[in-house]
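Multiple structures follow.
Presented sequentially are two complexes of chain A, the first with chain B as partner and the second with chain C.
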Partner chain A sequence: MIYQGKQKIWSEYQKEIPDDHWFYVRSCIRQNFFPASEKMFLEICRNVLGKDFYETEHHTTCGGIAYHCDTIPQETVMTIVARQFALMTEAGYSNYVASCITSFGNYIEILETWKEFPELETRIRELLWKACRREFRKPDYVAHASDLIYKYRNEIAARAKYRLVNRHTGEPLRVVEHIGCHYSKMFPSKGVGGAEYPYVLCGMIESWGGNVIDYPERRHCCGYGFRQYHVKANRGYSISNTHKKFESMEPYQPDMIITNCPGCPYFLDRWQYAISEMEGKTYSKDGYGIPVFTYEEVASLVLGYDPWDIGLQLHQVAVEPLLDKIGIEYDPARKYEGIDRKSLSRPELPGILKCC
Partner chain B sequence: MRENVVIIGGGIAGLEAAGQLAGLGYNPILVEKEDHLGGHLADWHCLFPDLIPAKDVVSTLVAGAASANIFTNTEVLHINRLQDCYNVMLSNGVSVMTKAVLCATGFRLFDAHKKEEYGYGVYDQVITNSDLEKWFNGIPDPRIDNSMMSSAGFVHCVGSRDEKAGNPQCSKVCCITAVKQAIELKKKFPEMMVWCFYMDLRMFGKKYEDFYISAQRDYGVRFIRGRVSEVSENIDGRVVVKAEDTLAGRPVRITLDLLVLMSGMVCNPKTVRDSGTVQFPADSDGFLKCRNSVTDFNLSAQDGIFFAGSCTGPKTVPETIAEARSAVLSIHNWFKGKQ
Partner chain C sequence: MDFGFSISRSSTVNLDSVALENFTKLQALEPDALKCISCGSCTATCPAGKFSGMSLRKVIHNLQRGREKEAVEMLQGCMLCGKCSMVCPRAINTRHLIMSIHKIYGEEAR
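After this line comes the complex of A and B, so read on.
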């Protein structure tokens, strides 16, 4: 591996990301999968870094999942997106940041399409007006939320209570980064670091003390792939893709995985349980598997938030071995208590994959 | 008094033209920006399909051009049109008045870094066709020397026939060059498995098809019709190549000790360093635009400016030499017409 070669590519795919004043739109599914990630994004941006982030309850799905499953006309998706832009315009913002990778790709694709086919934009404006009497300005800037944490990574590092370092050995943690397919594969120039060697998560990992692992199936889909999972008959493809990734990363003995997509952390986390039941195999020497995190969760951990307040008890793969490795304090007895101290009830433990 | 003819470029086209012009009684003035003559061929090992040593070809051409005035390490700064001749200003301070200028600036190899998915400059065991030729010529290369070398692959059409790379045209010689390099590798490492990943195999030249058949039959080189989609590195530092075998109708994944990217020919970005009154317009493929690509391929749109070799498009060595001779005949006839 020639690290300088990657640095050269990274230098060619840098984005001028505005520092402040963002209209934030949530993902359809992240709050179910990793419930504190979006909350922690706003907490860090607003209350730790003092930035202006606005969101509205009127925001809806972007239609991206249906679009990539070929179950919705393109004009419908565009009209939905036009409505989101109208909400941004009405709120007085011009910088638009999406929590979801597919939404981000969807917004970029639609804006680029309108650039090439202005008559289509005109038609969508007509459809939006007919549907809900709204008008919109196109955003000055569209970012993915991980772009912003990347931009603020050094500020977070400066405030960090913990680093991605094994406290027993002093060695940097070995971190696998997984980028959502819709982040930059369609428009490489829109992603930090481009499409082949994205830097957006690598930058966070390096800034927070970890070492990035590059492994042969790094670019491969996590296994979510909408037409793999959402079409029930295709779910075998979903788990086989995830299995392929884990087999490929296994020799590097990663300590953790960080992702920036709604589906990826879910599938990389949950399928480890399914693989362990099907194959009798886990991908860590201690039998606990490889913990998988969103970048907001990792940012929250290094800033010192309580692991249970950021929802890590919702993970399938136990996070405690990693917390111990870093030296993050936590109360095991609080794991299955909600923020209001009510019991979340204890899940049934799997047979093969070890849990705490 | 002998007429001056300025030749821009000391590659094989410029050398051949210089020798022929001198033989016809002209005063060729050859300007080469590098410190050596022979262009790309000076770094090449041997030539398809008969494996003739490239250095022998270059030596012969240099010897043939011995009577020419040759400036190496010299660039043409600009060319200005005067009333009945051109003033060619060189970077060494020399100014040459000439009625005829022969442009033989050749090509440059596509920068393989631009095909990021192939990992050139990122993964240690990914090299280019040019890197491999230098190693064949005895220049040590740790990427090859330190490897176990039990398997290697060649990726055809790197930066050619590729709209995404901005070069839709075929680079013409890469197919047969890959066959040649695969055979050379097999001669050095007989036990090695060698794979070629191609879109089409364009074996158009004399004995090329035989050479290609020989690569398969006599050397066991395996040809896979399908483009490489991505390259990565495994924990042992070997390269993992993903491609599609379009004949078998299935994806393939092969782990190799070495991957050679067949960088295609692209136009040289600048014929002269600064702009003078004489410009060199590019054709739609980026190469220099000749007056007529069928009958007047040696002529530019400007009177007294001639072309030879791959400055107007990808060419083989024999084609380049033939075109240099043709350009010399065009120049000679042009001077005769002036008398």
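After this line comes the complex of A and C, so read on.
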């Protein structure tokens, strides 16, 4: 009886994700931080798995970044979002997938608000019509891009060239999964596994051969927190949060971190450099730090794409020790060359954190 | 390197590494110490709290977490007026509890 009860509760946190025909919207910042992630998402979904994904150049920011920095009111964000839904409607799609966790949280928050306050939705429809003569249908389904990679994880595993296994020992890699706060902490039923046991990245890690690490501050924020970072006076809060997470995960000696948010991989990656300069400390025995990846980068790696073609040279923490551990082939001489073989120029090396 | 900001230390308390002998003594002397539900009624009515930051709720938390020095320092603000005893929904004799805390922690922590 108890088992059935638990099964029932768990079923409430599972999502019936549609398989195909998606309207894809990009993040404002991911293309700067991890430039190949979104490209690889479309490459994998369209060309490897043969799914229908549509995107339009008319898409803009969802406004979430300004909303969470307290610089614009929610009605403004709602009108921006209404325009995105209008683009989806005009393109003939009804499944909406966001690359950004904050956008995903933003869309869910707005749709739930409209459900509770239909008069607000009417007002936003009027505002949108006045602003740009557009109308929209609400999406049948809103997903985050990691939900889809989670859904396709076994298909990716079936085509995988590499697995998340240490080739020297044969042991699964020890992987930390970090979920963006706006994925399921605001509306737990909208994320796979809810807020306390989100399964979206764990599912990928398990399918691709890794072992998920549990540690005390696993559900802690990465430290970005919008106002914590964007307001310079608060920046110490940001790095303190990241520091707390790393101190907590360090004893478990993770091989890598996988994230599904635009800000998390950036801060978990870049703050390792800042912490090393401030404290003289790195979080791996070899002094290279713990490499941080987006889920698209990891999917691309296991599928056998060239590490430099998926933009891993833009990471602060060197990825080469992990590539060697998995056995992924790469050409060290090509690290700072773009896809067109144009030189990206070599960065200055940090003082404490080792780099390849 | 100075980036213009710094790392604040975590306020996480590792209860496995906290020595709670004094708190065990306090419980023996004042079993009511375990009845507190941290509702904060004592703090809300405390006239000293308005200007000295005194909070009995925080004092009890600090003692449970081994932060004896902070707890006793905060207790210096208490004027023993007894208002907290009157409002406590768990009927804890808070005035007596404060005296016992002084008795057990006073010498060591100061």
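As a convention for this text, the second predicted complex is superposed on the first by the 344 of 356 C-alpha atoms of A that agree within 3 Å, B and C clash if a C-alpha of one lies under 4 Å from a C-alpha of the other, contacts with A are read in each partner's own complex, and residues count from 1 in each chain.
In this text, contacts are C-beta pairs under 8 Å (C-beta built on N, C-alpha and C of every residue); 3 or more make two chains touch, one makes a residue touch a chain.
Since the structure is predicted, the reported quantities are computational estimates derived from the model, not experimental observations.
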After the superposition on A, what does A:279 contact: first (chain B), second (chain C), both or neither?
second
So in the superposed three-chain picture, is A:117 touching just chain B, just chain C, both, or none of them (first/second/both/neither)?
neither
Which of the two partners, first being chain B and second being chain C, lies in contact with A:232: first, second, both, or neither?
second
Could you look at A:129 and tell me whether it touches chain B, chain C, both or neither (first, second, both, neither)?
neither
In their shared complex, chain B is touched by residues of chain A numbered 1-2, 5-6, 8-9, 194-197, 214-219, 251-252
If we count contacts the way the header does, which residues on chain C are in touch with chain A in the complex?
1, 3-8, 10, 12
For the chain B and chain A complex, residues of the former touching the latter:
113, 116-117, 119, 121-124, 230, 232-235, 237, 240
Under the definition above, what is the set of chain A residues touching chain C in their complex?
232, 235-237, 239-240, 243-244, 247, 274-275, 277-279, 351
